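Quick notes on the structure that follows.
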Amino acid sequence: MDSERLVELLNNVRQGRITVASAVARLRHMPFEDLGFAKVDHHRALRQGFPEVVLGLGKDIKHIAAIVGTLRRRKSSILVTRIEPEKMVKLKRLRTGLKFHPAARAATWTSAPIKIHGKGTILVVCAGTSDIPVAEEALVTAETMGNRIERLYDVGVAGIHRLLENRPKLESAAVLIVVAGMEGALPSVVAGLINKPVIAVPTSIGYGASFHGVTALLGMLNSCAAGVTVVNIDNGFGAGFAASLINRV
Amino acid sequence: MDSERLVELLNNVRQGRITVASAVARLRHMPFEDLGFAKVDHHRALRQGFPEVVLGLGKDIKHIAAIVGTLRRRKSSILVTRIEPEKMVKLKRLRTGLKFHPAARAATWTSAPIKIHGKGTILVVCAGTSDIPVAEEALVTAETMGNRIERLYDVGVAGIHRLLENRPKLESAAVLIVVAGMEGALPSVVAGLINKPVIAVPTSIGYGASFHGVTALLGMLNSCAAGVTVVNIDNGFGAGFAASLINRV
Amino acid sequence: MDSERLVELLNNVRQGRITVASAVARLRHMPFEDLGFAKVDHHRALRQGFPEVVLGLGKDIKHIAAIVGTLRRRKSSILVTRIEPEKMVKLKRLRTGLKFHPAARAATWTSAPIKIHGKGTILVVCAGTSDIPVAEEALVTAETMGNRIERLYDVGVAGIHRLLENRPKLESAAVLIVVAGMEGALPSVVAGLINKPVIAVPTSIGYGASFHGVTALLGMLNSCAAGVTVVNIDNGFGAGFAASLINRV
Amino acid sequence: MDSERLVELLNNVRQGRITVASAVARLRHMPFEDLGFAKVDHHRALRQGFPEVVLGLGKDIKHIAAIVGTLRRRKSSILVTRIEPEKMVKLKRLRTGLKFHPAARAATWTSAPIKIHGKGTILVVCAGTSDIPVAEEALVTAETMGNRIERLYDVGVAGIHRLLENRPKLESAAVLIVVAGMEGALPSVVAGLINKPVIAVPTSIGYGASFHGVTALLGMLNSCAAGVTVVNIDNGFGAGFAASLINRV
Amino acid sequence: MDSERLVELLNNVRQGRITVASAVARLRHMPFEDLGFAKVDHHRALRQGFPEVVLGLGKDIKHIAAIVGTLRRRKSSILVTRIEPEKMVKLKRLRTGLKFHPAARAATWTSAPIKIHGKGTILVVCAGTSDIPVAEEALVTAETMGNRIERLYDVGVAGIHRLLENRPKLESAAVLIVVAGMEGALPSVVAGLINKPVIAVPTSIGYGASFHGVTALLGMLNSCAAGVTVVNIDNGFGAGFAASLINRV
Amino acid sequence: MDSERLVELLNNVRQGRITVASAVARLRHMPFEDLGFAKVDHHRALRQGFPEVVLGLGKDIKHIAAIVGTLRRRKSSILVTRIEPEKMVKLKRLRTGLKFHPAARAATWTSAPIKIHGKGTILVVCAGTSDIPVAEEALVTAETMGNRIERLYDVGVAGIHRLLENRPKLESAAVLIVVAGMEGALPSVVAGLINKPVIAVPTSIGYGASFHGVTALLGMLNSCAAGVTVVNIDNGFGAGFAASLINRV
Amino acid sequence: MDSERLVELLNNVRQGRITVASAVARLRHMPFEDLGFAKVDHHRALRQGFPEVVLGLGKDIKHIAAIVGTLRRRKSSILVTRIEPEKMVKLKRLRTGLKFHPAARAATWTSAPIKIHGKGTILVVCAGTSDIPVAEEALVTAETMGNRIERLYDVGVAGIHRLLENRPKLESAAVLIVVAGMEGALPSVVAGLINKPVIAVPTSIGYGASFHGVTALLGMLNSCAAGVTVVNIDNGFGAGFAASLINRV
Amino acid sequence: MDSERLVELLNNVRQGRITVASAVARLRHMPFEDLGFAKVDHHRALRQGFPEVVLGLGKDIKHIAAIVGTLRRRKSSILVTRIEPEKMVKLKRLRTGLKFHPAARAATWTSAPIKIHGKGTILVVCAGTSDIPVAEEALVTAETMGNRIERLYDVGVAGIHRLLENRPKLESAAVLIVVAGMEGALPSVVAGLINKPVIAVPTSIGYGASFHGVTALLGMLNSCAAGVTVVNIDNGFGAGFAASLINRV
């Protein structure tokens, strides 16, 4: 039983030990936990097959290994993001049971084979080879959250025919994540070709007036193609997560 | 038949009047229109129940009335956005057949009652009363595109209980559009409460360091709640359009 | 009695019509309003002598007059801010019972003489004569919220002796609100002279690289004098409100 | 004879009235005008068929008419840019002899039919109908400077097939001016299709995070397609001028 | 006696050695020090129990140790802030007598147990675990300045129930310091729940469009909840200092 | 006699009515005014031939006329800056005795013919005709402050020979004020030609990425020519004032 | 033969194995590759003597060596840009056959001596010695793309005579690339002296308010001299590429 | 003799070997060097006692030593700025004859004792101890350029009495350089106290919203005290140079 204090209060009401008016007054000052509101939060991940997410950036590997250990005992699936390359090497030696995704700078653990929850395929499109780590982070996130995934990489707008050749692939996806740095024009072109939700991910790839991804971000927010929504610079995880929610609507 | 030139070319091949090699060469220089690619674009709106969108801003009312006339003859549904109040008054006198939505600064025309294409309900949430015009633009867009819609207004984060009281409403929606100006914190709180796609719309409401919506935009892009994607400042139409695509996934 | 549904539920528990377990389950799904949480919000203003605040900016005068009428019937004290000069003229003719504060571009109504809740005096200091409207907005806010107030105006840092001459006045205040545009240096100098909380208010006064108050805002955030906190550009109301809270600690 | 003082000095040298050493000393202190350097500037326009450019913005129409009168007497060709619509109406009544280009907000006068100086065709491409005034300013500038010109309008990247259908037109141009607002992606796509110099012109078309053309400007500066160079926001004249110089290389 | 020159002057007046008029003239040119104004500054810290603050950042450890030594001899309490981790390790070896607060990257020394000067409790609230160093700096500052302190950590707005569960803790504080990075929404929610002064501290936690804390800073300045004032990014010390001043009003 | 309280105190000391120790204590709490410090400020303008400056911007003409009347009675010279054209027309009708300088948008009044205090000539150089109002404001300021002045206008860097022709004029000046909008390059070129102090004044002339003078301001701050110092955008008055101070060193 | 599928389809049409209508339908769904559109892209470099460009930045030297090996086997000419100095040392040891250009931080390989395709000379002008690496990148690019090149270095605007002495060199060029950091004024002066296309390249040279090249970039975009177009900060390659296209118009 | 070509030309004129008309034509195409214009530049430093300035930043010590050697042979005085500490250590070992100024991160060499050229004293004022390196760079520059110098350090506006105590020192200076980071308020206060030219130098000292000196820079540009001019962030050298020019007016 999740809330002894609440049950006790109601038993007291039942047995006439306290009046209804006094119970109303006490209920108002009871913490939310007792009312069970907090429960929803703790359980939502497990119910819906969402992994617990651990941001690897800035954490030392022992700390990461400890968190992973705890979560494994709880049988939560796990997604560790932003693991710097040299840290990944060391983490591998710690026998955490994690599966590594070097291109995504990520690692995962699942208690059982991932079950598909998503209705269609999530397609991750990216402009240049430097954008791949962010694209892969989106992809691993979407996959761990139970979606069919596909890739379409290196189809930047300066060579538009490469994109057009892959129109069938674009059209068969249910949700698209489009990753681009520099001027960030790819999501506009993609969204103009299909009638599916497009999540645009600006990357920090570029130099000078790219301002570490700000130019790509602004370009995507001003997309002339309706249906494009945007996440933060380099936020592959956020795009993968949002695409997963969309794929279950 | 959609492409006389292409048919003629193929007939010539069939009848041996030109060689295959020469047909290949000619095909490469034929405009795309002839190959039918352009068709998709012209027809997509009608096939999918999407309205034609006319941006009212900066257009004079005679121009708007003329466009509306043309589209009505084509039986396209129509959504006119950003009609300044004084222009709306004059436009009403022109007997265009448009239905006006003053709170959204928009007008619509549909050849038949709108058919529901969306799977669930699109809920539009907004923080303050000044954000309502943008929220209503999103709402009218979603409605005209064939979705069930609902409103939850004036639930800013400084009075969090008003939002929490409406948790059932939040949970019953399939897609949420969350509109807020100033610090733009509402989408984070909403996305933390539910497991549905949230489209955040920053508004230009505020003063001083709100920088005409930039602060709200940045806040939403940095949301600590996964699953939030963002559109341009005051872009209610874009949010309504994206939500409609999501609601058909 | 504020919540019929809650009382009914508890009566049912008392009379054994529903089990405790079932009551727990129902309580979890009851809206917050029923639990009385929302009450706090509605009553807090009255209990603490805070006025209801109406932002005049952008509202038409009939709308303002209507709100004021409603609040007067509830016996709430009222503070209307940011009333443009020409609107104030018209509003005066409407016989709303409001008391006008032209220098502050504000108006107030109180059901009874304002009672002093604040412990000490709130001193409003300002740099130049152009900053006075913002300073007065802070002052009227603090006064309406039940504080003793004082003014020290036109003491910019380019004529430092005018400030130094008024050291006794600075030292006798409990809380200081320091209003300045341009380079926004005044709060640093004031905070260096006394040991009291200083709320800095940047104004949009200036031109060119003052960027409508951004320079003053940044200067204040970087104050070399500890103890300075900052509000948004031109936010006299916010400073007056925060000073009132501080004056009751 | 353009410089009496210089001729006089040299005559004095010739006739032995002053020594060479003293002539050297005097030459060093003579103003440049006397040495004829300034001449180049005055004559360059006439020699090369460049028009004199008058910025109409902010000038009153009598002032514009007077300048035009002076230049006509000198037989200079004239290009007046940025004439606000209501001013153009009044200017027409003044019988200045100017030819008006309303779509470009410009007017021109040439003493003789324009002679073609440019080698190839300058093609002006633009993304949306709102970008046309800037595109037309570029076009009128290029035309008045003696170039064959062509238009390709309303070919934004969200409907990429419209651009691709016009590939032959793109390929037959010698220099391209590509005008776009919002995310400013069009120049990248165009430059990826052809091997000709592309001058990108960002426009102030957009809202919110378009920041009056800054987003388009940044996008163009970060173009992933090599060969793109950029001019200031809305600077159709500058693009037309640069394209004309390129077309004579 | 603090000013020999002044005493000598007045003795001369008393004994008739100089006239009153001449004394007036001399007084005007005497440096302030002689008039004792400067005294206030030197003594204020000791009188009010404020520590001397040493910014550790960028100073070498020998320099820090020397300053600490001097201050200890004067019996001043000491607060050293922003000590990088590796420097703290070395500083510990120097036997300075400092007490270290690793989570706050700070160290303190007091000549006697800290006496409580503040009226109520200062509560430090923070959004995420990465914000803790800034929160702890605020806390150590407030504690060293003689205040009762409490912590409420990891209560970000994306899991709003964790904050709501702790409402009694929020309500029992006299002053609140709310620390948050990313979108910086926490102070608005907290200030909406209670009627106490809230000092908001943006942190540089985040990536991409968080711009090293600028987004959180802007969000806090635009808080929709009245009563929030703001300090510079990562300025835990400034918040702790201001809260201490407020707690003595 | 300027300070009765101080004289009274000293008389009391002289006559033995109060002790020296008690006089020291009282002196410390006397306001600065009594000690005569403030006098310096009131008199400095008159002693040094500086005019009183009235910022016309945003003041109504009756207010300006009243200030001018007061100052004339005090025999202060007067400089009124930033008078909008339509206001100047009305101000002329008020018979204030002011002398108007329409090109500078300024007006002046002096009790006697201006006496020359400056050592050399202040030369005001400007790039384009649109920069003239700012240049003239600098010029009128310098003239009213007692300097010999000269103009060198319309010598922008795109026609460098016009500047070079005027080298003797540049070299004969003691101080130079260089006014430019757009890219703000003129001060660098001028400072490279001469060895005199150059005050650079950016103007808000330009469009698009000139950002209302920010580009010119930044250009001037980054001047590759040593000896250039900079004032705020459009701050002709500040430049004229600083040049006047420099011209008396 | 480039497209077996297309030939096969047309043969089937010819031989009556499929109807024309069915061929039209199939053609619409064929990938672009089959239609030969993609060919253009693959071949354009070889046909026009353009090198393949490899961005060295961030790639490890083995990866670079491998790419170079592949391209050499295809007989493509190669341009490797942005090779950090220490990487260049190591790359030299790998015997890739590359020719190194240390001043440009670049390396090239060509299968045969470079043939001149450009009509005139491309002159690279630069302001200061720190700008040379960017200037040399532009130069090596232009040279490898088949142009006659010349240098004019260290001619900043603060010593304008050095530029003016070289007017003949400026006038004899067909296209000019002007490289400058700090205030970026050089392109304006150069473009004012000649009637040729000028490509301006801002560099990140400077400090403080140069903002890593942003000031130079803005200055160049606001050039008061018509005919200047601009590329991204430090983008020597882009300028060299654009100049090469211009030099073939 | 400085120009053989010019002398030869004039001799030919004298001896009738070429006509005056032809001499005029040739003069127009002669490089400036021949006309002696360039001379001024080469000699100006020596004539006026200005040192040659070598920017140490980014140069290796052998390069610096070589330049110093060359200049010493020419008997030029030398100022090397921005020498990183570790480089200074190594440079000292090279026996260049330089005199080192570690606090200024600078080194100097003069062929003879510095002669005083400046009229009055240049006073360098600075706000905090972290600003000292920039202040010292200004000071060493001014000293090497032949000025009497004085220091007034650690007089920030948060302890205003320290500044006021030093009023006589402020008043006895001819030119003031005021160095400050954070909010950059010191120049306004100083300029309000005296009637001398004030050059404000913002420093990059600060954190968070100080934006590496931008806040201080903006504050100084918006100074409410007339007579303040500003140089780039951390530009102690530029301030020292400008002050030297001013001190010779």
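Order as written gives the chain letters A, B, C, D, E, F, G and H; numbering starts at 1 within each chain.
Definition applied: contacts are C-beta pairs under 8 Å (C-beta built on N, C-alpha and C of every residue); 3 or more make two chains touch, one makes a residue touch a chain.
From a predicted model like this one, the values you see are computed outputs, not experimental measurements.
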item	value
Shared chain contacts [subunit B and subunit G, defined touch]	A, D
Partner chains that subunit E and subunit H have in common	C, F
Centroid-based (C-alpha) most distant chain relative to subunit F	A
Chain pair, B-C or B-E, that carries the greater number of C-beta contacts	B-E
Most widely separated chain from subunit H, with each centre as the mean of CA atoms	B
Whole-Å gap separating subunit A and subunit C, where each centre is the average of the chain's CA atoms	40
Subunit B and subunit H, separation of their C-alpha mean positions in angstrom	59
Centre-to-centre distance between subunit F and subunit B (centres being mean Cα positions), rounded to whole Å	55
Touching two or more other chains - residues of subunit C	37, 159, 164, 208-210, 214, 217, 221-222, 232
Chains touching one another, given as label pairs in label order	A-B, A-C, A-D, A-E, A-G, B-C, B-D, B-E, B-G, C-E, C-F, C-H, D-F, D-G, D-H, E-F, E-H, F-G, F-H, G-H
Subunit A contact footprint on subunit G (complex, rising order)	29, 31-33, 37-38, 40-41, 58, 202, 204, 212-214, 217, 232-235
Subunit A partner contacts - residues on subunit C that touch it in the complex	3, 6-7, 10-11, 13-14, 16, 20-21, 23-24, 27-28, 35-37
Touching residues (chain side subunit E, partner subunit A) in the complex	130, 159, 161-162, 164-168, 207-210
Subunit E-touching residues of subunit C, taken from the complex the two chains share	44, 48, 53, 119-120, 174-175, 195-197, 199, 217, 221-222, 226-232, 237-239, 241-242, 245-247, 249
Partner subunit B, residues of subunit E touching it in the complex	127-128, 156-160, 164, 182-185, 188-189, 191-193, 206, 208-211, 214-216, 218-225
